[in-house]
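Two complexes come next, and they have one chain in common, chain A, joined by chain B in the first and chain C in the second.
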Partner chain A sequence: MLKSILSLLLLTGFSFALYSQEKISQTFKDTRVINSHSVETLPKRKLDVRISHRFGDFAGDNGGYKTFFGLENATDILFGVDYGVTDRFTIGLHRTKGAGSMPDGSSGLRQLLNGVGKFRLLHQTSDNRVPVSMTLVGVASLSTAEKIDDNPDIIRSFPKFAHRMATHAELLIARKFSDGFSLQLIPGFTQRNLVPFEDENGIFSLGLATRVQLTKVMALVADVTFPFSERRTTENGFYTPLGVGLEFDTGGHVFQFNVTNATALMETDYIPYTTSNWSAGQFRLGFTISRLFNL
Partner chain B sequence: MKAIFSTFSILILCTLMAWRWPVAEKAVGTKEKTALLTKESRLAEVLEQLGDAPSPNEVNTEMDMVSAKTGEELVTLGFGRGPGGFKTSRQSKHFVCTSCHNIEKEDPDLSISDPQARLLYVKDKGLPFLQGTSLYGAVNRTQFYNGDYSKKYGSLVEAARNNIREAIQLCAEECAQGRSLHEWEIESVLAYLWTIDLKMGDLVMDGNEWSRVEQALEGQGDKGMAIELLKEKYLAGSPATFVTPPADRKEGYPMVGNAENGKLIYELSCLHCHEDGRYAFYRLDDSRFSFKHLDKHFSRYTRYSVYQVARYGTSPLNGKRAYMPNYTLEKMSNQQMEDLRAYVVQMKK
Partner chain C sequence: MLRTISLSVLLFLMACTNDSLGEPVKGECDNLSVTYVDLIKPIIDESCAYSNCHLDTAPGNFITYAGIVPFLENGSFRNRVLNIKDDPTLGMPPAFIPADKPSSLTDEELNLIRCWLDNNFPEE
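For the complex of A and B:
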């Protein structure tokens, strides 16, 4: 026991020694890539007000000119705030409409309150003694949708209060390879407390995200998340959420314009429920506005 | 058993007596009589011994909660210790005093304001090169918000021009875009500033001048002349001349830039606030992206133009009150602006 405590103390001391090295900043410029979180946490006492929007299908059966390429529909909308409690710990609260659905059209959780916690474990250093940055992310989503009692086959029957919830945890491992290129790996686990018949509650996933800086202000960003589930195959009507976007950082303001097949905005929603297919034109335009304030 | 109990009680009593609540501390910089003139002698004391009028910047030590330590915290961290020893609310969400002011000597010769001499001096001392005048020796000055600052702050500078307390308050409210300081906080800041007042060794004096002051102190020389001599050795206030960007921004100021000097300005001045978003939302670093962006905007009329923001500054806006103060001519010369531009051009390639 004593040995373990001693080892832990030594390890903590070692970690702090590493932290004294010069840290690599801005592996990503925002706390989100497109659909995924980025390894970045907010600086202490910064408030990040965020608005994200995902429009309807650009093309395909529900897109095209009749919906003005999806701009007349909104699949998901997020507004909320993140706050830097310390330089390494960020909390956030966001409201989303909820947009995920099963291939048969039955919907996932709707009208969600999403709590987010991010803790930075490691910060990449310039001398490579710490080669990567690492952040732990936890997301808890709670559906505030009205309960529908008389239909036990749908998720919104909510037999128990806990069935309103879905959670997600992930470890972000990122490296800034140069001023212009960053890469991030995202192993994660999503737990839904109530799922459609024969679906699984827990899903492991692996995501990949990248950022290519084009100019001081503009960057190309992309992310993809692969759910590890036998049921989540294209044959069963599920598709891999993939997004690409252009990000503009004007100093305190980050504006992102993106295209993705994911209809939903939170991990608890888009990882288990992406059923839109890029090749069928079921991708959508989206944007995110992030504005930092000093508190 | 009784002995153990007594010893324990005495120990507790001693601990309680030794323990001091932070606000109870009135660690105002004490002024001891200068016996001999040394480099460590405090200028204010020497002047007083020579018969000069007492400084108007004396701390009101009668006021409750006044402490040099609290003053130091307010200056460097932005909060102090209020009633009960608890942290006060932060003075400003955006800045602390040291965002724009050094707290060490920053000019090799305090009798002149030469930005190039200052740049080389702060480089050697490991200090940043900033828009504001160093707070070191601020209590020895009698004039504040001088020269063209009236163009920026209008009538607000009138009360602050000859009053250090008003100057501190103006700095808190306008420069730092924060809350007003309480009276005891202003006195605490003043108490801290007295711990970084000018010493005789800070003045550039030759042996003859030093002897004249010494003799006057010993009653063998002209005290009035000695006072005059000492006051010539430092500025009573920082001159401030507002200048405009070059008429032709593409051509720049009519000087050839020195990239090596520009590197110093970029690292000691620009990066002080913009590196990793320390005080600014607009981030700068040593990447080519930063230099290309600065170069592209140098000659423009945008908020990213160095000419524009260095000479005019930016304005605090609702929701974005972290603004950039301008550089007066005494804080960055036109030559230095061109040096900075030369460095940016060199680094963008």
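For the complex of A and C:
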């Protein structure tokens, strides 16, 4: 069944490709927007070495001058690589600290190994026969944190091995409207195998991302993700992860400087567990560096 | 290639569980009236608020009640001291503190702190 669905998707992709006049390139410059993936996959045999960092709260109770606007704290740090197996298929392995928490302060998964798979389904063409680009993304996160046996109230008690895992799948639908403006929709689903008391395991979400070219090397990027969950309301202490940033393409590498309320870097982490509030000063500086190597 | 993709998708589906933690168990706090001034300040002064830690270097000055309140309100105090107390770096007190300071709290101290937090950390 799965196989036939996949084959169908592939066939659709290829048949569109047959008609294509000219593929629209660089809907986004990087394979990530800020917190979200972008529709881009890596060219074949390119290795992308990535480092991302999110600092502590800029203002509010834990920010301000006493933590030098959060720069003395790190909420999440990512080291990892992506590799282009083919022009359409990218795989990646990333290590993150893990940063999400519930409104009462109890933690989500920590010390994570994250596997990423991206498969390009459609490529927007200049004659508009294919009006959008589409990419399928899968993320699987595994906590390598030490099991804490004697506290059944926390996620890290890990009653089963599978409880260390959370997975996420999403479809990216993007269109480059002009040379300077791209927009992307991100319907997604996040599955956590173990959740806190009275929380839900599966969460649907919808993300929106955009990129606006400002100068030859600099662009404005932004993304936001809305989790569809009755529990995830501001009254309950959850907030919508929203980021804005400036992206610099300096040739061979992309450097991004951003501001976001999300503490975490992976979808499995920031979609269910963003509890920091922009208007309470709980936003943070962050950066991402992506450097491409030929293999 | 297709086979590998479908296989890994299947593997993930098989590793899927839909479990949730049980309702947190509350300790026996009914007959205890724990306040900051009475019972908690001595614990914090002894185990947290000393030089090179939560007095002048680590986040927050824990020598006063006001200095601790933000960490009580955002839940990080409960998380670090109770939930992940056994974590060598994040659990408080951490494993890397000076040798002459207590590296873990006693069960009695932990219970006092738990009751104090459950009762919304009264000062007096």
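A few points about this structure:
Note that in this section the second predicted complex is superposed on the first by the 276 of 295 C-alpha atoms of A that agree within 3 Å, B and C clash if a C-alpha of one lies under 4 Å from a C-alpha of the other, contacts with A are read in each partner's own complex, and residues count from 1 in each chain.
In this section, contacts are C-beta pairs under 8 Å (C-beta built on N, C-alpha and C of every residue); 3 or more make two chains touch, one makes a residue touch a chain.
Nothing here was measured: the structure is a model prediction, and the numbers come from that model.
Steric overlap between chain B and chain C is absent once the structures are superposed on chain A; the two fit side by side.
Taking chain B and chain C in turn and counting the residues of chain A each one touches, the greater count comes from C.
In the superposition on chain A, A:A162 makes contact with chain C only, while chain B stays out of contact range. Of the two partner chains, neither chain B nor chain C is touched by A:P131. With both structures placed on the common chain, the touch criterion links A:E146 to chain C but leaves chain B unconnected.
Of the two partner chains placed around the shared chain by superposition, chain B is the only one that A:G180 touches, whereas chain C remains out of contact.
Rounded in steps of 10, the angle chain B-chain A-chain C defined by Cα centres in the superposition reads 140°. Shortest separation of chain B and chain C in the overlay equals 19 Å (C-alpha atoms, whole Å).
Residues of chain A touching chain B in their complex: 25-26, 43, 45, 179-180, 213, 215-217, 251-253, 291-295.
Considering their complex, residues 2-3, 6-7, 10, 61-62, 66-67, 73, 89, 101-107, 117, 119, 138, 140, 145-146, 148, 150-157, 159-160, 162-163, 165, 167, 191, 193-199, 201-202 of chain A touch chain C.
For chain C in complex with chain A, the touching residues are 1-3, 5-6, 8-10, 12, 15-25, 59, 70, 73-79, 83-84, 86-87.
For chain B in complex with chain A, the residues that touch the partner chain are 93-94, 276-277, 280-283, 285, 287-290, 292-293, 319-322.
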